[in-house]
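Notes for the one structure printed next.
Each chain gets a letter, A, B, C and D, in the order it is written, and its residues are counted from 1.
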């Protein structure tokens, strides 16, 4: 336990234990309804993982990128093809290789970050979004020449056991997400994360301290894309199961960016909180529309309200709390004495 | 072979003309960028919001000209609200923060427009036929739509008008001053608030005009927002702060994407124009980050 | 440390508990039997025109059924979820709609091929019927491989067969089609590509040159596609788009290059009033294929207008859309649900009771919409009469042809089957067999 | 405080807060009599600009707020006013840093100044002509783009532009900054003339105490947000404290900054040490700058400069603002690529230099305008300085390999050492952006120290500090030099510091080197006195 937690305080470890108990014991014991796993928890964890990736490149390294969904598509279709074409490849191996393939795309489309920033970089990353999805769409090989262009993800098999029920898949997802999140936390709290943040806050000073901009930025892009790639593969294999490339369209990229911004730039927690909000808010809104107003509110209005609220929250957070919901959560916790100083 | 050449000409002309449509949208971005160094991601949503309101008003039986004026007032109100609720609290924040806030603004406008006017695709008849101009079709064998030519003329007029405004009027002088150094401008008594309001209202009007051209061409609908994304590579190629750049960038993107799509697209099953402009923009970024006409970016330490 | 750990665990447990308890929905306390239906609507975004009409009609019809005593006394309930015609959101909605008040859905209708593909594999395990009313995965018409999926009344391969047949009729016979050039202009999605396997085969048989051109959604910009069409100078264009923007733009673009609209044949999801009107004069003369004819003269449409809209319970704010193409199509789909439910009640001796997914499936498979039955419901002539069997989940396989005159649709040809329905059926069976083999599915015996 | 009812401006006990947290002014009161010139003096960051901005109401746009006290202009409280209204009422500010509209022509810039006035075409040209009689230099350049004019001309444009608004009161922020002495004189002459002929009251914020007191009627001295001293210009110029702290004139027993090195021992022992020997003897050249020229577009920043740096020495670079000192550091550091000339490090030519490469060779630096990682903690900032001593890659960090853990522990210990050396233990977990200026400077030094570089390039490490803080900083610099033998290159404006602690000084002016040698040699170089030290210094 020592090495993994070196950079962590006692409070972190307690939080970790609590979350693990919650994730591996309490949730599986209390929730039996498959709906909760397959349409809330699994997509939440998958998207949160992608948001962690986006967080690394945008929140930590400060590079405005809008291509998360493209990298997710790369990961998802890579995983499909790997399992299809290399029969002996275990699922975990396929997952890692898919991440690496996405990372390669991340490096390729992260290259413009060496020259440009802000909106310019955003446009450059849009190219990756559109190009990757187009490529998968146009070259039949990626989809095993399915005429409809829609692939069906294979069943997950690990050590000969197949994971098909919602709760099984939940376990697969949560294990992967926990491991990758821990690694991400290690990175952002260690020297790697410091380099990213240094580049974000003052690139010239960082360079003068011996931080190579080239290496650091591309590293951030690669890791971010790796996370998105793995998230995309999980998203495809545990949530969508049948998918076509357009499932990873620009809207999803925007969503992931929103998760990071609303959750709080530069915190790993923020990725999870933001993902939960973006995912749950429409569900709650719909639920209210259906139960409180008994469907008397037009679906158009509900979905428009959803958009207005997301947009307005974005502006409000930019003005009042640029650090997002994670910071808000911290303040609430400290207010009700949840996080007393030891 | 002459028909091949003729066809190429036609592709080129069609590309150039559809490029002016992008320019119309890009112009709104430039206007705001030029006066406040803010990249207004919400411009696409403003296009949609403006033209949808315009058509919506017309559906109430309000005549064309009155609806036009009312929509202009509405866009001024949007400008006012934006200045008050978004820009002022975010004064002196980093460009990235403002960019993200305008993304939020875009979502708010999209949502509002849909909540108020609904989602049906509407027809907008400007009285200009979207069909080939007979004379040109007969004599040159080129099929050029009257609407496209009108859009081109409108774009040109607006560009000339805005250039003159910026160059030769007191307001223009104020706008350019604010763009160069808002702090210094405010120190000599140029009222930033009014300037911002003016610029956002002007961008609103430009958005309305762009929306009307697009609406007449493709129906007034939600998908117009996606088109605004195409204005981004136009801006990168033309330069964010250049009015002529917006038109040149538009023409370039329009021509290149159509030529690529028509001549190379079939080998890949089409769809190249979906990403080609962005990749083109990347190459421009690598060789000329400030765009063709943009002001040179100098970072001082 | 352990203490604080425990405290945290306890408080988190209580928070989770609280969350769960709020999510447990109040049980339906009334005694009346209800049957729950999902409305996975798409009323937002580029594809909203079809979603509003189609799902509006479904809700209107369910309201109508409830107002007239329910299905043998069973009241219909429903819940709506917005899919935005997006496959990911469709899955989400499917999960969300799957259960309500302890009752499971028995049928699912996505009104979108991508969405249908996204959920199609879940049907057998969840015991839900996937009703693809004239859309979706075509080879699912083979009920032996896809017992839970129905393409009633007619699928895309039949549709393309019918389209080609009409072209031949207009040109003066199949023999005349030899050497003709057809452009298949389609949206770049699973839906746009769906008719291609059948179309390629027929084209090869008839000696037609087939050119496939894709439009990326949302398709407001089709200049390059139409430039290609201008270059190719085809005799016909089969248009396979979605979303009013794309559909109307195609006609305006055709007008720009003077391509005759009378040589364009629109798909069922491209040809509705909402698609034609925005194109204005450019739309005049366009041929549109229909699997449910528009019109307000059908008795059922009139009744709904009187009863449901008369009492202010209508789902659409714009009453004039009742009786349009999408609305009537939605009505056709809802009529099938209710009819299938009636059948299920009869077959499984549950008249006056709610049915399960499996029972509903049996009822669906027993659909026999004869002209008499359609007349009894009040939609005779609106849809083609059809019957479904264990092996054949398609039904009619027939379409009607309409032409837009600038104001409304005029029927120009009545319900027609493809030239060689057996050939189409063979394609379906081959494709289904291939799928079954690849996925180790043992086809059900139907005898 | 004078009780003159004729005051055009009265500032009473104002307190200013930025971003709701950072206190910029504590308690500032001052008066400007009608038709007089009042100087506001003090170091960088003392609160001069903030005071001016609170008067011109430009504070709001920088998220600042006057939380206490009142400001009366022309008898009215200015609370709730906005800058454009203040201009209408005749108060115009000339901002710090020659902020003219670079893409506009000189004439357009000046015309923009009349934005708040409704002038006919004829009036406008008459006004222009009048302005040109003061600023004759600008008339010749009226059609050139302001961005391409020289620094002095830009400053003139800014003043001329402000005059076009026909102000009753002018707030001038650092008009002399970065200008050569002759130009400074020229601008001050114009200012004086405007004051006398047009009757404009002037509040002048100025770092150059010398020239300010020469031209002003009355003066206030600010230190860390408080008025420390006030009086007529004459009395201030003769005040002993002012002389010592701001004029660099020392009479009697002035403490030598080099003695700061022994402050520690003094605290412990009471008796001052007698030995002043250095542990590391100054060696041969470690870095040689040969014929370096650098220009941006058409503007020459450095012209043919050569000098060398010896091992273990403290080398100062002095010269007026804009003389090319920072550009020189940026060339050595690899941020700028000089167009001509070579730089030799330990005898080897540095080719294709970039900051990253330079840092790996053992050269580290601080920046003039604070280039800290604002959203990171103090400890993390300093830890970034350990980058070169970190071997682990991101994978090893992610999986926390044993050697990574060890390395991180060592780095942290090293940084803790530096933190306790700089005596900033209590702020080590604070976010750097929230610290006051002086502490940020310390953190930046700490970050540079963490690299354990052979050469430290320090760009104005003591700017904006009072003497006590400067002494502290000197102690750190001297200790590093003395105990670790680190070679130090120092840019500094405080002549006292420079003369006391540096071994050799190079003087730059207008991108050219005008003097090089030991402090004593430089001090008596007539060229240096002319261009930089000024007549008042001898």
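Convention: a contact is a pair of C-beta atoms (placed from the backbone, for glycine too) under 8 Å apart; a residue touches a chain by one contact, two chains touch by 3 or more.
Predicted model only: the values in this text are computed from it and were never measured.
Comparing mean CA positions across the assembly, the chain most remote from chain D is C. Inter-chain spacing, taken between the CA centroids of chain B and chain D, is 43 Å.
Rounded to a whole number, the gap between the C-alpha centres of chain A and chain C is 34 angstrom.
Chain D has its Cα centroid 72 Å from the Cα centroid of chain C.
Shown for chain D are the residues in touch with two or more other chains, namely 335, 367, 371.
In chain A, 137, 204, 300, 303-304 are the positions where the chain touches two or more neighbouring chains simultaneously. Taken residue by residue, chain B touches two or more other chains at 114, 118-119, 226, 269, 271, 274, 301, whereas all remaining positions touch fewer. Of all possible chain pairings, those that touch are A-B, A-C, A-D, B-C, B-D.
Within the complex formed with chain D, the chain A residues making contact are 3-4, 6-7, 183-184, 186-187, 190-195, 197-198, 200-202, 204-213, 219, 223, 266. If you check the complex, the residues on chain D that touch chain B are 56, 58, 60-63, 82-84, 86-88, 92-95, 99-104, 108, 111-113, 115-116, 158, 161-162, 164-165, 296, 326, 330, 335-336, 367, 371. Here chain A touches chain C in the complex through residues 10, 14-15, 17-18, 21-22, 26-27, 30-31, 33, 35, 38-39, 43, 137, 147-150, 152, 239-244, 246-247, 249, 251-252, 283, 286, 290-291, 295, 298-300, 302-304, 338, going by the rule given at the top. Every residue of chain A that touches chain B in the complex is listed here, in rising order: 62, 64, 112, 115-116, 118-120, 122-124, 126-127, 130-131, 134, 137-138, 204, 250, 254, 257, 261, 300-301, 303-315, 318-319, 322. Chain B makes touch with chain D in their complex at residues 91-92, 170, 173-174, 176-177, 179-193, 295, 298, 301.
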